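Next up is a structure, given as structure tokens.
Note that the chains are named A, B and C in the order they appear, and that numbering of residues resets to 1 at the start of each chain.
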Amino acid sequence: MSNGGATSSLRELRLEIEEFNSAYAAALDAGKIEEWPRFFTDDAVYRITGRENADAGLAVGLVYCEGIGMLRDRALAIAKTTMFAPRYLLHQVSNVRVLGSSASGETTATANYALFETLIDEKTILQQVGRYHDRFVRGASGLLLKERICVYDSLIIDTALVFPV
Amino acid sequence: MSNGGATSSLRELRLEIEEFNSAYAAALDAGKIEEWPRFFTDDAVYRITGRENADAGLAVGLVYCEGIGMLRDRALAIAKTTMFAPRYLLHQVSNVRVLGSSASGETTATANYALFETLIDEKTILQQVGRYHDRFVRGASGLLLKERICVYDSLIIDTALVFPV
Amino acid sequence: MSNGGATSSLRELRLEIEEFNSAYAAALDAGKIEEWPRFFTDDAVYRITGRENADAGLAVGLVYCEGIGMLRDRALAIAKTTMFAPRYLLHQVSNVRVLGSSASGETTATANYALFETLIDEKTILQQVGRYHDRFVRGASGLLLKERICVYDSLIIDTALVFPV
């Protein structure tokens, strides 16, 4: 995977990304949608798309945000909406892999996620499984996402997908 | 999240808690219920409650144990009962977060769990998903739980919940 | 679990195994079945079996490969077959535990896995949950599996199990 000298720093990056992903998931799972944009750079790209699109190299997707303004707009729209039934979300993020880290400080990484959703008085369901395809850069207080592309396997996605993943 | 000096020790704590959680889950998944109390301090509190109760600040819950005596009684009761159909359990514990560590050596942390259950000749089901809200202290041979509150999202819990999570 | 001196090296091994498992899962999830044998030693044993068989000490199982030749044959057979409906797979591997490491460099470890499967135009299902029971040795470029026994809880396994787990 990498030579001996680089291994330890890649491992440190992996552990740091795990902590980032846990904080990111905790914010979403707690319903703190207004905190979501702070995990991204000002020029970040955020996208949710199906695996069949991603495999085909298509840029289409269910959600596309470019720049922190669009991320904030989306967060605000969700925070203000009353169209959704109350639900609990829980992310399990696993299998973090650091694919590379450039001299300029950009790190590419992936992770697997499962998103469980519980509506009032209903059983918990597996809302979707997928992979994060990420590009991280280092901000003043830690890692930030310059790009997060969420590629879900699940071909049937219910309306809750309007929430970020 | 934390200053540079504290980061490495919080990371070490996180890794240690991951190892603790894996050993804890392995004991339960192997059906070694009699080992379960040894993960707790003598004065530990163990509770299982629904997210709607937890969010409302209610102390009610499906299971409440205070002190190692109650934990041992519960373990013994489960070990001796023949009321339950045989089943296999498997925990996936992820997203461990260290929220803080006090000078007195107490560490607060959370983790996400999914509990899968398989009854004989049936499909594996998602029994519940939830979060551990933990307070750890350091015992003679490693971390111990002073408090574990298991907050499940799932609103419909079958009778198997009598088992610790 | 271990004395202070051994703890840090066991932790390093745990982290290294996590990285191994993530790379292993990524190859399978990407459909790169031809890469699968390279995670094993020449004399490796690979087996998939149900928990009831494993608990009973039975060597029977759904899949049995001994030696890299059998692993390669299996990979080739799967790569060439057209009998299976297209599907997406996603592994979540968690709860890695290092159980021991011998002076000769062999490490025994376990991990929990959940395998999610998505067929075209269908909902994602939980295909199986189980545990890896592993023996690792160190090859020229990192860890290799000398033995991986996949013990699934799920008693009803669909035909997709012909894929390695």
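In this section, contacts are C-beta pairs under 8 Å (C-beta built on N, C-alpha and C of every residue); 3 or more make two chains touch, one makes a residue touch a chain.
Fair warning: this is a prediction, and the values are worked out from it, not measured in the lab.
Fitting chain A to chain C on Cα positions gives a rotation angle of 120°, stated in steps of 5. For the self-contact between chain B and chain C, the two sides draw on mostly distinct residue numbers; the shared fraction is below half.
Between the CA-based centres of chain B and chain C the separation comes to 26 Å, rounded to the whole angstrom. Chain A has residues 15, 92, 94, 114, 126 in contact with two or more other chains. Every residue of chain B that touches chain A in the complex is listed here, in rising order: 1, 11, 14-15, 51, 92, 94-97, 110, 112, 114, 126, 128-131, 153-156.
The residues of chain B lying in touch with chain C in their complex are 15, 19, 21-23, 25-26, 29, 88, 90-94, 114, 116, 118, 120-124, 126, 141-142.
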